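Consider the two complexes below, in which chain A is the common component and chain B and chain C are the respective partners.
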Partner chain A sequence: MNNRGMITAGQLFVLLFISRVIVTVTYSPQLSSGDDMWSHLISALISFPLTLLMLVPVLLLRRQNASMSVLEFSEDVFKRFSVIIILFYAIYFLLVCGYGIALYNKFISLGVNGETPVFAISAAVAVASCYGAFKGIEAMARASGIILVGLFATVLLMLCGLLPSTDTENYRSVLSVSGESVYSGTVLMLSRMSCIPALAVLYPIVKGNISRGSVLWSSFVFMTIMLFIILVTGSLGDYLKYSIFPVYQAAKTVNIGFLQRLDALFIGLWTAGLFCRLSLFMYLFALCVGKIFGKKASRIAIVLGSAAVIIFGAVTTDMGFRSFIFSKDVWLWLTITAAVIIPLVLLIIYKIKSVIKGDDREGVKAHEMQ
Partner chain B sequence: MYRFISELKNIYGKAPEQKPESKPTPLTVSLDENTERLKKRFNGSADLTVHKMELRGIRFGIITIEGMVNKEILALGVIKPVSEETYEGTPKDAFEKIKSKILYTAEQVEVLTLEDVDKFIMSGFAVIAIDGCAKMLALGIQGFSFRSVSEPDSDVVQRGSKEGFVEPLRINMSLIRRRMKTPRLKFETMTVGSDSRTDICLCYLTDTVSPEILGKLKKRLDSINLKTVMASGYIAPYLEQKGDFSFFSGVGISERPDTVCGKISEGRIAILVDGTPSALIVPFLFVEYFQTLDDYSNRAYFATLTRWLKYIAFFIAIMLPGVYVAVGSFHPELFPSQLLGKIAGSIAATPMPLGVETIVIHFVYEIMREAGLRMPQPLGHAVSIVGALVIGETAVNAGLIGAPTLMVVALTAICSYVIPSLYAPTAILRFLFIIAGAFLGIWGVILLFCMVLVNICGKKSFDVPYTAPVSPFSMTAMRDVFVRAGWKQLSKSTSTVQTMPGTDLQGCESDE
Partner chain C sequence: MKCNSSNISKVIFLATAICAVMLTFGGCMSRSELNDKLIIEGIGIDKANDRYSLTVMTLNTESTEEVLPPEVINVSGKSVSECFENISRDTGREILLSDNKFIIMDKFAAEQADEVLSYFNSSFEARPDILLYVSDESTKKLLQNENVLKSMSAEDIAMIGGEYSGGTVRSCRFKEFKASDNSGLYDVSVPVLTLSEDKSRIIPDGSALFENGKMSGSISADESVVLNILSDDGDGAVISMSDDKGESIPVEIVSLKSENGLRLDGGKFIYSENLNMTIDIHRNDGEALLKNKKFLGEIEEFLEESCSRTANKVVKTYDSDILKIGKKAQNGFYTEFSKISDWHEELKSVGFRFNVSVVPSSE
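Let's turn to the complex of A and B:
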């Protein structure tokens, strides 16, 4: 793994945007207790301000000391016991990789019905991501800039392909959707905000305006989510309920002139996006391990982490959408703990400690003056 | 085999531990002693020539290396005037007279040590020694034969100079100087190779070059521990960033002095190696593979078109066979319906799996290419006929290989010649993409593409990101990347390579 390099805020948020959007395109009604995708338009509108709120503790922590990540803050605050927090983040990042690979396996086995063995593909994805993590954050950030162009082109093609096939009758009033469905969608969207803990670890190596970038990032993420919901609902209609991966299904149905069978593009887009996501989180995992066991251990951690992800993928291939792997409640709590609770606790204790330190200093000064 | 390995070891192996610079051996007043010591140093080598003569009581010696000096100038411009003159006084007076009154060669250097005598005679100088004088006079009358300046074979342009670099270093320096008539252009010579002692020359503009990059380059050149440097390719690996493995090179090569001058004016450094008709250029970025001199001679809109053709050709050259194998083997439904029948029929009719078939055809093609490069020119046609008719047509007619596969390979082969300097990485990557597609389908191709992308994105050439200015992105630089803006636009601001986005010049101390 390369040394920490400086990347720009733009590069970081492009990387995070791809990591988040790639999870969006894997939307499955099965993941949100079989809800209607259309209901989640309201969920997206609710999740957007909530995401901004979730960003606040991390941004405040950064304001305290921009050169210290959440891991360094925990070292500063909890001293030796910080290992627990760092370990939590390491496991969290590894689980995010596991979630990604498990979802990918589901897609390959249920969505594509290809002839390639699922295990071989997920192993290849993990190995490639391992290489990405080895090359370091700078390489990943630069590569994601190029992948983003591909992503935009794909989205644009899908937009062109799906727009003519959308039927306004497929849309019903957003006000008629059930509250339970909206709640379920909101939980699903917030539980997938693993990019916020990633930001909490990465911001010291980023130059540029992170606050503005965060707002733009979440705005674009939710705009993309809403665009997908509108497009896919309009083109698939009732068929949406029976589709396991609606976005993929919609891409498959495109048939306008030379724009046919965009599922190949979808597969490419998802694989490239997943590569970015897994590389990023594997890198973060290695960063956490390196904090505990030293820099050399982080290289080994990438290899071991990849092996763990491959095994995790193999074990969970046959598990259903109801299993704990895809449980949105479990993920919501994990994400809120990593993105909000820990940074908030660190912020409060750090503030208190600095206030006490300040009082001590004032006391010493007064004593000296006397 | 053992001999071959030891030969390789000899070339690439570490030079023996450099002994601390021994004290130079001063010349003595005795001509015989000096020449004997010199012969001993050369182990009686046949090409060392010592011509002794006696004129009016003073003994002279002219030392040269056979074939390195111009014999006509030596006879008429050195021996004749020296022998026709009268000498009075001491041998030292004779030496001064020869130096200041008799000989008028452009290059005259006084030599005081035996090591310097070695150096000068091996560079084509004639050295005059006088018995009774503890110094010698080196005269620059080089006359070895070399190829005349001609159009380069690989770096061909439609509009522009037809001059290319040749083997002698000094001529290459003059080719650059003729195009850059500014005192800011500096040539700095160094020597590499403990046995070959090959002269190399750094060329740069003093006010444009980055001192950090220059310092780092010198440090890397100093670290070269080769015994022999026969071509610029020997030193190129030493100029790459350490631990930065990639199929793509961070060191550019050009056979054209005009291209090199263009690069120098952008803050880059050219390295000329004596005996090599090409220059190395550092730092070198990925987008430079797609820029040729013709782009700047042609109209902007056409240059933009050709540049895009190059980008597309590059992607076809590395990915098309891989994608074809992946789709044909695992996702045939992705072929357009009109095409599906024909391709499926062809795949079904051939005995080998599609992946193996494509690899075999590529392998045969690479063999034919290699044979075509090495064999005598007249036999080239024979190879073409054998390749096209015997292997190609007959194999398709016999049903051994499919016509669509052959077409894909042929298209790929043509595309790979659009950028000849990228042939080596393209050939390797093409095989890797075929293997990835054959084993993992479209997923394998995409994953390999991502890995290659990360690989080149993580690469740096002298601390300048290899993928700049695409990623990290620079809008102003785009006028010469995805489009080629007109000269009026290009000349509005001049940018140097060290101002590329993401460049983090560390200074030569923190090289590795």
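Let's turn to the complex of A and C:
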């Protein structure tokens, strides 16, 4: 694996934006107990400030020492026992890759149902991501810039294709939205904020204003989510009620003059986005392994991790949306632990230690003066 | 030297990887030639005694130099799925549904449309923008008619509804039908097709009304025009009135603007619609008639009465909420609406108020 490089805040947040939005386009109402998309508009409005809150512990930790990631803080605070925390992050990042592949497999088998075996497609994406992880964060950041252009074009195409067929009658009154749906949607959105733990590990190699970048990143993520919800609901309404992947279903209906049946194009772009996500989290997994076992081990970890992800994807292909891998409650707790609880605990202990060290130094000075 | 050999090995490795991907992911191994596929352009479904008869219009690929009339194949089976399997088995070709433009159901199939069309819900190839039609007679007779095959392509048949019908019928796409079926709050109307008098073309002839995904009735061509007007889709429509001598006066609606509203009056929903039309009369004395205020008043009265009669027939006789009153009620009066257990029952007590105002196109 290449040495840590330096990337700009813009590059990092483009990478994180693609990583997050890709999960959104493979959104399925079955992941949140079968709610309809419209109620998740309120969920998005609630999730946005909560996401900003979730960012606070990581940003405060960075303020203590910008050259130390959450892994280094745990080494400083917990010494030998930091292995537990680093292992937790390693497993978390590997599970995020597994989730991505499992969801993508579901998307290909239930939404697209092409002739190519699902296993072959997901294996190809995982192998490509393995290569991306080897090349390092700078290469991933550069690739994400190109993919962002494609993603932007896709969103624009969908906007132009779906806007003319939007019917305001498809937008239901706020009163008809159930509290349970809003809660489910909020839990789902927050459980997918795996980019915050990624930020906690990556910020030492980022130059630029991370706080501003974080706010802009979450704003754009939720604006994109809300745009998809408004467009898809407005144009297709109740047609989507039993659709497994509404955004893809809406993409199938995009018609702009001679530009029709562009779903294959969307699939290609979304696969590219998944490549970004898997590469990033595979890289982070290897970074964690490298912290414990050394740099050579991190290179082997990428290969073994990719193999584990491919096997995981194959095993979970037949699992339903109610299985543990897709459980939003499990993911919410994992993400909150990685993004909020651990950084907060480290921050508190580091602060206490700094205060104690500061008192001890003052005590020594006073003794010397005497 | 070391640097060069490492670059060369990198190039070789990448070139091998690219070739491997191109050869394996290009789909060359499992390629399927166009001749091996049966490209379906139109489907007709008849149902009788729990058996389905499927008539498909397929692209004729025998000649690449001229456009040949489509091939029509008819099979029967216990389900739509079985019919497709039978077609595939009989022809030895793989069915390609992605180019299908329309589905016509006969009246018996339309009465169970939600069940009949369920095959297309789960088919990955079926597009949500397929146009739906109901046939007055057997779809097999309609689609196998030689004169029709000579004069009309699948695309011509698909474009019979909507703006191509001159405002007489509204087109209905599969996604609209499925949305109404999923919602349970509103319904759709589907154009009815029949053969022209000279049996050489397929033409629209009224509309079939649906309730909860099943056909509940049909209305005539004139009533269909009025329904179009009520759905703010009446541009280009022609209404026939009679003069004192009993001669027909064709009144063309040049442009139409409608505003509708729903209010609650003593626990009862009242649906009202204001229709502002610009009209033209294509007759020798048309200009004189358009300057006659009394005649314009008669047109307004006639249209108001037609709108009321058609709306009552559609909603109360056939329980079909084409005007999406249920949706409007849910959005505007959510609290009251949530107390209603069966909207289609409640629909029978909805009151209607129509106000028509016409302006000659010359003004």
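Please note the rule applied: the second predicted complex is superposed on the first by the 369 of 370 C-alpha atoms of A that agree within 3 Å, B and C clash if a C-alpha of one lies under 4 Å from a C-alpha of the other, contacts with A are read in each partner's own complex, and residues count from 1 in each chain.
What we mean here is this: contacts are C-beta pairs under 8 Å (C-beta built on N, C-alpha and C of every residue); 3 or more make two chains touch, one makes a residue touch a chain.
Bear in mind the structure is a predicted one, so any value in this text is a computation, not a measurement.
Superposition of the two complexes onto chain A shows a clash between chain B and chain C. When both complexes are overlaid on chain A, the residue A:Arg261 reaches chain B and chain C alike. In the superposed model, A:Val289 makes contact with neither chain B nor chain C.
Touch criterion not met for A:Leu41: it reaches neither chain B nor chain C. Looking at the superposed arrangement, the partner reaching more residues of chain A, out of chain B and chain C, is B. Applying the stated contact rule after C-alpha superposition, one finds that A:Gly145 touches chain B and leaves chain C untouched.
With both structures placed on the common chain, the touch criterion links A:Thr271 to chain B but leaves chain C unconnected.
Residue contacts after overlaying the shared chain place A:Val125 against chain B, while chain C stays out of touching range. Of the two partner chains placed by superposition, A:Leu55 touches none, neither chain B nor chain C. When both complexes are aligned on chain A by C-alpha atoms, chain A residues 115-116, 120, 124, 261 touch chain B in the first and chain C in the second. Interface of chain A with chain C (complex): residues 112-113, 115-116, 120, 124, 169, 171-173, 175-176, 236-239, 241-242, 249, 252-253, 255, 261. Chain B meets chain A in the complex at residues 327, 329-331, 333-334, 336, 439-444, 446-451, 453-455, 457-458, 465, 467, 470-473, 502, 504. Listed in rising order, the residues of chain C touching chain A in the complex are 21, 25, 27, 30, 98, 121, 124, 127-129, 175-176, 178-180, 182-183, 324, 327-328, 330-332, 334-335, 338. By the touch rule above, chain A contacts chain B in their complex via residues 2, 5-6, 8, 11, 108, 114-116, 120-121, 124-125, 128, 131-132, 135-136, 138-140, 142-143, 145-147, 260-261, 263-264, 267-268, 271-272, 275-276, 279.
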